[in-house]
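Since the structure comes first, as structure tokens, the remarks are kept for the end.
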Amino acid sequence: MLARRFYSSVASKPTIGFVGLGQMGFPMAANLMKKTGSPFVVFDAFPATASKFVENAKDLKAQNQSVSVAATPRDLAAQCDVIVTMLPAGPHVKSVYLDAETGLLAGIKGRNNVLLVDSSTIDVATSKHVAETVGNAGAVMLDAPVSGGTLGAEAGTLTFMVGSPSVTTFNTVKDTILVHMGKNIVHCGTVGNGQVAKICNNMMLGISMVAASETMNLGVRLGMDPKLLAGIINTSSGRCWSTDTYNPCPGVLPNVPASRDYTGGFGTSLMAKDLSLAVSAAHESKSTVTLGAVAHQIYNQVSSQKEFKNKDFSSVYKWLNDNQEKI
Amino acid sequence: MLARRFYSSVASKPTIGFVGLGQMGFPMAANLMKKTGSPFVVFDAFPATASKFVENAKDLKAQNQSVSVAATPRDLAAQCDVIVTMLPAGPHVKSVYLDAETGLLAGIKGRNNVLLVDSSTIDVATSKHVAETVGNAGAVMLDAPVSGGTLGAEAGTLTFMVGSPSVTTFNTVKDTILVHMGKNIVHCGTVGNGQVAKICNNMMLGISMVAASETMNLGVRLGMDPKLLAGIINTSSGRCWSTDTYNPCPGVLPNVPASRDYTGGFGTSLMAKDLSLAVSAAHESKSTVTLGAVAHQIYNQVSSQKEFKNKDFSSVYKWLNDNQEKI
Amino acid sequence: MLARRFYSSVASKPTIGFVGLGQMGFPMAANLMKKTGSPFVVFDAFPATASKFVENAKDLKAQNQSVSVAATPRDLAAQCDVIVTMLPAGPHVKSVYLDAETGLLAGIKGRNNVLLVDSSTIDVATSKHVAETVGNAGAVMLDAPVSGGTLGAEAGTLTFMVGSPSVTTFNTVKDTILVHMGKNIVHCGTVGNGQVAKICNNMMLGISMVAASETMNLGVRLGMDPKLLAGIINTSSGRCWSTDTYNPCPGVLPNVPASRDYTGGFGTSLMAKDLSLAVSAAHESKSTVTLGAVAHQIYNQVSSQKEFKNKDFSSVYKWLNDNQEKI
Amino acid sequence: MLARRFYSSVASKPTIGFVGLGQMGFPMAANLMKKTGSPFVVFDAFPATASKFVENAKDLKAQNQSVSVAATPRDLAAQCDVIVTMLPAGPHVKSVYLDAETGLLAGIKGRNNVLLVDSSTIDVATSKHVAETVGNAGAVMLDAPVSGGTLGAEAGTLTFMVGSPSVTTFNTVKDTILVHMGKNIVHCGTVGNGQVAKICNNMMLGISMVAASETMNLGVRLGMDPKLLAGIINTSSGRCWSTDTYNPCPGVLPNVPASRDYTGGFGTSLMAKDLSLAVSAAHESKSTVTLGAVAHQIYNQVSSQKEFKNKDFSSVYKWLNDNQEKI
């Protein structure tokens, strides 16, 4: 139904708005703009960033694609049919969507066929609260957090985990918007479930990576060859993505951060953030996540150190290794 | 060299000894006896168990295969070319091999072509110490702990993780002995490395299973469908054996303990034991295994409860679920 | 300076407002009203609760002390010189103080000699943010969370941990307000530090109580008499409030919750809440609190169980004891 | 009874033996020798250490006190009425007491009035096993581990935690032996309970110290003055020996290791060892010690680092502080 409303409302190409042009948002917006050819409006808290985005788009403008900067999220919303947001944390999302003076919701008043897609990774409670408020105002908001990092954002190969009120809306958003920024687009159920899926996967991942690091470190210190040990685990019940695809021990796999001094990849601070979201969601829902909480503290500690704060999250192996007696 | 000695010494079929006829040892010994057709000698701390084993073998005896009970490990060793041991813990292994009066070593004095294979899961330090003592006496001991449980023992499909002083010896033992009890036989390096590989894999497994349980429980309590959540994780970076092959949440996978009230499988107490071995080995080698230690405490607690002590180790999911507010 | 403004502005008795008449706030407000004899205005989210408070005060009204209910925090603020708030969590505090339509701040516009005292236990970030906003509007807010439970609230013997912009203001608030509800009133430094002191003390307490429970349980299971063990620890370096004043093992001390089936005292859910605040504050300040995080998960789990959710926080001993093999 | 046997057997002064002249044993033995004036026999695994001990005692020899070195524990036992042992770990105790060729037990054959006192800190299981074996042979062994460190050993102010088969024996050993090396001598119940009391106290202590470090670090990073924070905690429910007597934050207390760069005191490695014993005893007795296990891993990690391995155990505060972002 909404999908029908949506299509009928956009005779030719819908106008697309993008809020949040950070390290992830900038390349995502660039891909979306180029691949859709839609009229495009952007907003960023730093006006210089928004100007730079438009400056970069002058080739497209030369081909008559409209690209402009809005003064506020509200102004942006007033011009757009579809809006994507990519923001650092819950309070930013709340403010960008709901601020009475400058928020997106204020800008779409009366037009209930606007689609809003939030790709930020934020706490489940805020995500559901904002979506509900948007819904009460007659519009539709989906949560669609991503994985794949800046490389995926640039290459347009992100994974989107999408919470959507209906399959039809999911399909509309997937086909007209997300497909231009990502490769793997998964429907996770109702609104908020995109966030749930992401923090669940990333909590599992964070624990597994610490576990893989502890295990590889223990085995090596007890005299095992690391490749041999990884081979045994990878054909046994200890197998996981962190051992068979992204092994944290240098030299075991060729093209992973561990084999290039932990550069590139997914930073320790981002893992600390995602584990914090998981621990908070567990507290809210009265769920126990003991290993999640310990992994969170470990990434808190590792990401606080100068040497590790800009390294890939598999560098927890190196951290263990540096902080122990040589044998 | 040893392999040559071994073969030249056994004109036709070597006499095989088996010490330790418990839940694992009994079916392992039965397979080995039947498939090799070798003269067979057994010993168990409970004479009735050894008698029962021989009683069960009367068909083979009728076909002229010799099967007998020894009074002590020493007496057994005195009659055998190859000896397999399957014992509960380090102190038993130490006593069975090294006791001055009744031990295996006392029984092979002067015959340095006897092969000893210990399939017990014990601490690395004891395993290396016993192997070294055996080696100093001129014989050869390999460690070859198993995974696969009682079902694998009965079906002859165990995995053996083997520490061996040489590839030749490994191949000899594999082809003449282990192949009759297992399917997947892995050379893990020098003596003691079988134990290292096993505790590393099982520490990784224990942590992963708790993590999978925390993750599935959190997601379900936050409103996700468990099959959908498992599907997303299993195609993402959180994927592991505990989510894609042995998922602890009932109903996600059809033929796993979780879907039959956690019966069968690998017991919580066995996981507690293996994690204890890992934590001890970490202490000895001054390695840090924080998640391993927490997982150990969790299995300690779960396996101490009447309801869970005989359940599969994936029942940590049920334990989490039972001990929380209903939503 | 502010103190001077405050006194000069209240010729005789200042009018006092109280927002939040829950299990703690109700008896605190009753003490404050009775002991000051000041004109009194109350607000609660449940109008029936506010009415009941006024009904209870009819004796005082008969003696001409004014006691009334306000329609909103804003209306309350418009009538008061001093306002005390006692609310469940950060979002409530934010809304009661800052809501543009109904908040306290809207009610004191232009009167910059109003004193606001928040006795809620909330997250440090919200506390500082609200105090700063109040300060920017020209008024003064102090944070003054309490310990001592409902018994302390009723007896007027609470401990207040107070963050105040100056010693003078602290003294004013202490002498005119807090002294009527508490016995031990501590200046913890600048605004927000009341919350910091409280969560630091309670994190230390939560960890100590779990530690005392693990220790007493271990010793008893290894054969020690619990009183003897407690006596040894209490004269040694393991001594703490949780062992020498509030021992969690039944029978060791006479007048503690442990010796009356863990009734009364400080509930497991409140400890879970305070540990959650500590873990969040640690995340915000990039501090590592590994034991704090594990204790949080343990209280999360314990307080989720029907049997323990209304028990004193020392019942973690019973929880350990119930969940283990009998010896 | 034993006490009577003991006294009647030693007409004048009993001959005392001391095995294990390490950093603790050497000054303990020196005090015992000087204060009793008894004939003295020593043994150490390093003959040079034993010789040095005798060399140091030449003044006493000049006054006709007999001081000599025995070739083995067995030879020592053959000459002594009372024997004190101070050894690094369980295996050493087992070997020194029970070795068939060279052990103490072999040296006291037939003389069932010899008293043996083991002051080593070892695992409970070994302690009980050795005591039982000694008892079966007709002699009596007490466990009497100490706290107080090398300073206490030198000053003769150690605390002894004593497991003894009877109060009479405890009193005999206390009055004739332990009082010369220590100040606080506590009867903890039956044999083995000295070890239990010690590991329980030290587990409580290790957890408390990590907790105090996390708490002080968190409070300081949130803006509290450390002395003020310590003062508040020390008069509240978070109070413990690690905050009020041995605070790990530099500058809070004057005469503690924290205020002299963590020199002196009780080393991180010793705490790692004691926590390891506690975790093992918990495993043996199927007790859960989650915080104990995490504290163990933390001390494992800290004591493995060059910078901390020779520092006092309160340096975990500095470790936390070094490994985090500066604020």
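Just so it is clear, A, B, C and D label the chains in written order, and each chain counts residues from 1 on its own.
Just so it is clear, contacts are C-beta pairs under 8 Å (C-beta built on N, C-alpha and C of every residue); 3 or more make two chains touch, one makes a residue touch a chain.
In UniProt terms, the chains line up like this: A, B, C, D = 3-hydroxyisobutyrate dehydrogenase.
Since the model is a prediction, treat every value here as computed from it, not as a measurement.
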Chain whose mean Cα position lies farthest from chain C: B
Higher-contact pair (C-beta pairs counted), A-B versus B-C: A-B
Where chain B and chain D are represented by their mean Cα positions, the distance between them in whole Å: 38
Rounded Å distance between chain B and chain C, as computed from the means of their C-alpha atoms: 54
Centre-of-Cα separation between chain B and chain A, whole angstrom: 43
Touching two or more other chains - residue numbers and ranges from chain B: 282, 286-290, 294, 298, 301, 304, 320, 323-325
Interfacial residue positions of chain C with respect to chain B in the complex: 290, 294, 301, 304-306, 309, 320, 323-325
Chain A-touching residues of chain B, taken from the complex the two chains share: 124, 147, 159, 161, 184, 186, 188-190, 192-193, 196-197, 199-205, 207-208, 210-212, 214-219, 221-225, 228-229, 232-233, 235-243, 245-246, 278, 281-282, 285-292, 294-295, 298, 320, 323-325, 327
Contact set on chain B toward chain D in their complex: 272, 276, 279-280, 282-283, 286-290, 293-294, 296-298, 300-301, 303-304
